[in-house]
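For reference, the structures are reproduced in the following blocks.
First subunit A sits with subunit B, and in the next complex the same chain sits with subunit C.
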Partner chain A sequence: MSNLFDLLVAGLATGAIYALVAVGFTLLWQTSQTINFAQGEFVMLPAFLMLAAMHAGAPFWLAIILGILLSMILLGLAFKMLLVDPMMRHGVLPLAIATMALAIGIKEAVKQFFSAEASPFPSIVPTGDIAILGHAVSLQSIGVLVVAILAVLGLTTLLNRTSLGHQMQAAAQNPTVARIIGVPVERMILLTFLINAFLVALASLLITPIYLAKFSSGEVLGQAAFIAAIVGGFNQVRGAIAGGLLIGVLDNLAASYVSTQYRAAVPLIFLIVVILFRPQGLLGRAEERTV
Partner chain B sequence: MRSTLLVGALLTAITTTGALAQAIKLADVAELSGGGATVGTNWKNGIDLAIEEINAKGGVLGRKLEVSHADSQSNPGVARAQVQKALDAEPYVLLGPGYSGSVKVTAPLAAEAGIAQIMGGEAAELTQAGNKFLFRTSFGQQSSMPKVAKYIHDEMKAKSVAVVWVNNDFGRGGRDVVVKELDRLGSKVVADLSTEAGQADFAADVGKIKAANPDAVFVYLNEEESARILKELKRQGVTAPLMGETTLIGQKVIELAGDAANGARGHVGLTTDAPVDLIKAFREKFSKKYNYVPDHNGLKGYLAVYMVKATTEKMGKVDSKAFADTLHGLTIKAADEPGILMDVTFDANGDIDRQSFLVEVVEGKQVVKQVLPKVK
Partner chain C sequence: MSGFAKPLKIALGLIVIAGLIVVPMNFNRYGLFILSQWAVMTIAAMGLNLTLGYAGQVSLAQGAFVGIGAYAAAIMTTHGWPLPAAILVAIALSFAVGWVLGYPALRVQHHYLAFVTLAFSTLAFLVFRNESWLTGGIYGISNIPRPHFFGIATNKPLPFYYVCLGSLAIVSLAVWWLIRSPWGRAFMALRENPLRAQSLGIDTRRYTLMAFAIGSALGGVAGALYAPLTQYIDPVPFNLSLSLDLLMMVIVGGAGFYFGPFLGAMIAVLLPEWLRFTEGYYLMLYAVAVMLLLIWSPTGILGILDRYMAARRTKAASALRAVAKSRLETVQ
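The block that comes next holds the complex of A and B.
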């Protein structure tokens, strides 16, 4: 059990990434009833935008800024205006299928215009370890965890403590009433898309040094975050965070104490158990079905 | 009547000349995307380079070589469909795939069509099933793993070994042979860890290796995962020497893993750092054309085409049915066919025998420490 602490830290760091991505699922679901099956590819793309900027000669810090801005334009603004808005009128299912097509499109485009091979990606956190309670803990793990926690804290503060956040929640919970009381619902929904784009760009920046920049890296990540969002509660931001952290830790503990051979199955089994006993997710809110 | 005969003779001559001038068609199915994209891209580039060279010098028996490339997406199911499609076009020889799992499901198709398949897979079982149309461009695990186990036991003096492998046909095949050999030699396997292709987090696996405290660690994963585990091994301070095969110390792994690759050792059937003049020349040509240093898969693709050339010239005719028979038992000398790079011999199973190398990564570069002779 001596490495339990290390496993917990590494699991929490990976889980924090899943949480960031899973939050995007819940944000979009709450405001526009959109399930974005391209969410994993949304995390993959910003890393390539940053790499492209660096190849063009930009220093890393400038590439990060450009990558985040371009992500917000492409994965926030353009995604909403060119895909979600036109498809929304046809219902949730066609929209979900359209996002699957988008995922394939993004992957193929990156493969075609960049490379099918993995590329190294610089880390914003220095490599090396720090001693905590007698354990050598990777600075990268801590960095990922801290940045992810700060991002999520910032998001929850925005949602719960500011007028803007209250307007966003009102727009998500009852758009009709929100409109009547003067909330600019469309603008609030757009803001949600932009926040999601910012979060995926941040996740991309944190995770790519570990996962490596590769056109297919969104597949695993999107699946893990989707499971995390369902386990935690698809309609609650805090649920997505809890789900992400749980899946990250569970994966590492299962690999270490159960079997490395069946580690991929463990989150899926956990998902099935949660759905069987608590279909709305661990921290989710049961929604009444409208007939 | 006479003019009719003359026209007929002319037409026959034109048609025959046309047939003679027809290109020799090769079909390549490789991992151009997916987990094996590094493998497939190098393999494809090696093929293209060889074909360009051969055609520039007049082709094979006066005919140009032509190749069609298809993407298996590193997926055995897709590979099977692509190979079937390629065979429908009746190529002279089939090249690829590189992944053992994909070779396993496609080899019966090529054998049924009677077309020789020159591939990059290394799983031991591939050439053990009596398929008379399957040929390797690199050592099978039944040849390489005993050399690896011997090195771990004799040179590293390891009494206890941790074995970490990727859970697919490639990884399982290597793991089975090396564990058996280590056991036979008297080195105890104290940790036997399977990992997933595409796995990102190796903290738990390395934690287990650390807890087992082995004298040496044998790492047998695909390139990208090798880079990730090397980083994690370094991060967790594992100091036991690392031993692997080509996939642990390849150029791409070194590029991705950075400093963490330093000190890793591996047995390689082929490396562009080999102290062989023809290989050095290949490396130069390849790097000039593609702007990067190829890994062993670039060499494999290049060799595959020169195997086609040498065998066809030995036969003196382009005959896909006789091709496999001719290649079995054939020795191709680099002095006669420089494109083959080193003297090679193919046995009755399609397995290859030639020199191999013991490599260590020193300051981000492969350094050949030993040249190991041909087995026979």
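The block that comes next holds the complex of A and C.
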């Protein structure tokens, strides 16, 4: 039993990070039909930006702020203006391919300009265990879970409770009508790109101390976030959150109850089953068919 | 078709074919390996171009079929079977698996289909890696023999390059015939508008499955050539990134254009080699080049040519109109 409890906590912690990454992924899809195949690399890069700032002599807190700011400029603003905007009218597939190329570019740039080796990364949460219900639970898991939940709560409050959030949702759901009623759609789309860049920087900050900073770490994470987003519902923020937590827990349970060799297969088979029987995702709305 | 006169096109084609046969005779081992790799990857990309470019079904699993073909060939030839038999088995196997993978396409489209096939690709990789009784696991299969044809051994790089080139020629002719046959027309109808295709009496169900199965079978052929080419296979080359690379080849060359895969594979296989003098920067430059190309022309390289031809035709047509108009005016 104790084993199961530990697995659940660890699973929720990883799941919370998947959720952060998946939420950004669905935001970009909703507002600009962008499938970002570089989302995993987007999570990998900010940690290296922070490490670079620290190597230049900045204290940890300053490096974090710089890293988040740079991430919002590079992965939010520059990504939108230089790649997405010129390609948006060409449809989903060429843009998806371009983000694949971007993923290769980011990976190779980090490998070339920083290091091909994995680098340790300081944790913002103190390490150690605390006792909960008689179980020793790692502070890092708790910390990751809490920060991720706060971020997601903050985002959903922004989206559902504020006028800005309502404008963003309107811009995402029906750009034409939103424009007519005076929503600055372009600015709202830019905002979702900046939010995505902030979320990936946060995810980077939370996950890198656990798995080390490595140029190739984006692949696995990106794939997990895709699966989470689709399982939960491609077009729903709450779907992405539920999907993230579900995949995190499933992944951890599979690691100890299914063979370790086929652990990675469990979320994939789950993904295929979900797509076949409920393509819109567990919490998603069905998208109208375009004829 | 285009502004080129037909004899000119045929002459150009013959020159390219003669060049592909004659020029590599002076190449070193490595050059021949790269060129053989180009031929093999072109075959795989042609398969994906059928599925994606002609039938409009997104697949991120072509790399997995190259893997299936490669393992089929490696296992059979190391057990003493001749390569042609192994190629037939690779075709049958990947055709069957591709047919089954087509079923999700009957239910979901576009990005959902992309993710189902992406999942399949990763599952195939796990099987290659974990079923070591069959695939050798992470140690792979080594000493894959190269075939004898009519008593001629193809162990040396040049003869085996001709095996790859010959296979490419056969596949090219088959695909050329296929896309001009009613099947090819049905594929294109499926891509343009599935509902209308169905209302025209095309069995969309069958053709969707066929598009996957035939495209996958060509992936299997490529794999069955890849195994003897490298003479050693392990799971790593057949992971998801091969599927993504093949997709990039098709889009960059020009999806739905017959010659797209040839160009796309050339860029993906040869460009990194040409950029090798830039040391560690070559993949970065490659990525930037792909992004710039897609921003400039989302329909790939052949899309640029196509637009240029269309512009020339419009210009020629309006010139003709102008002449006709002035003549009309003089008559009046």
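Brief remarks follow.
Just so we're on the same page, the second predicted complex is superposed on the first by the 291 of 291 C-alpha atoms of A that agree within 3 Å, B and C clash if a C-alpha of one lies under 4 Å from a C-alpha of the other, contacts with A are read in each partner's own complex, and residues count from 1 in each chain.
Rule of thumb we're sticking to: a residue touches a chain if its C-beta (ideal position, glycine included) is under 8 Å from a C-beta of that chain, and two chains touch if they have at least 3 such contacts.
All values derive from a computational prediction rather than experimental measurement.
Looking at the shared chain after the overlay, A:K111 reaches both subunit B and subunit C. Of the two partner chains, subunit C is the only one that A:V92 touches; subunit B does not reach it. Of the two partner chains, neither subunit B nor subunit C is touched by A:V146. By the touch criterion defined above, A:A265 reaches subunit C but does not reach subunit B. By the touch criterion defined above, A:M81 reaches neither subunit B nor subunit C. Of the two partner chains placed by the overlay, neither subunit B nor subunit C lies in contact with A:A56. Of the two partner chains, neither subunit B nor subunit C is touched by A:L164. Residues 111, 261, 264 of subunit A are contacted both by subunit B in one complex and by subunit C in the other.
Chain contact summary for the complex, subunit A toward subunit B: residues 2-3, 6-7, 10-11, 14, 111, 115-120, 127, 129, 136, 138, 210-212, 214-216, 220, 251-253, 255-256, 260-261, 263-264. Here subunit B touches subunit A in the complex through residues 32-35, 37-38, 40-41, 167, 193-196, 198, 200-201, 203-205, 207-208, 210-211, 224, 227-228, 235-237, 252, 255-256, 258, going by the rule given at the top. On the subunit C side of its complex with subunit A, the touching residues are 58, 104, 107-108, 110-112, 114-116, 118-120, 122-123, 126, 129-130, 193, 195, 240, 244, 247-248, 251-252, 280-281, 283-284, 286-288, 290-291, 294-295, 298-299. Within the complex formed with subunit C, the residues of subunit A that make contact are 35, 37, 83, 86-87, 90-98, 100-102, 104-105, 108-109, 111-112, 219, 223, 226-227, 230, 234, 261-262, 264-265, 268-269, 271-272, 275-276, 279, 291.
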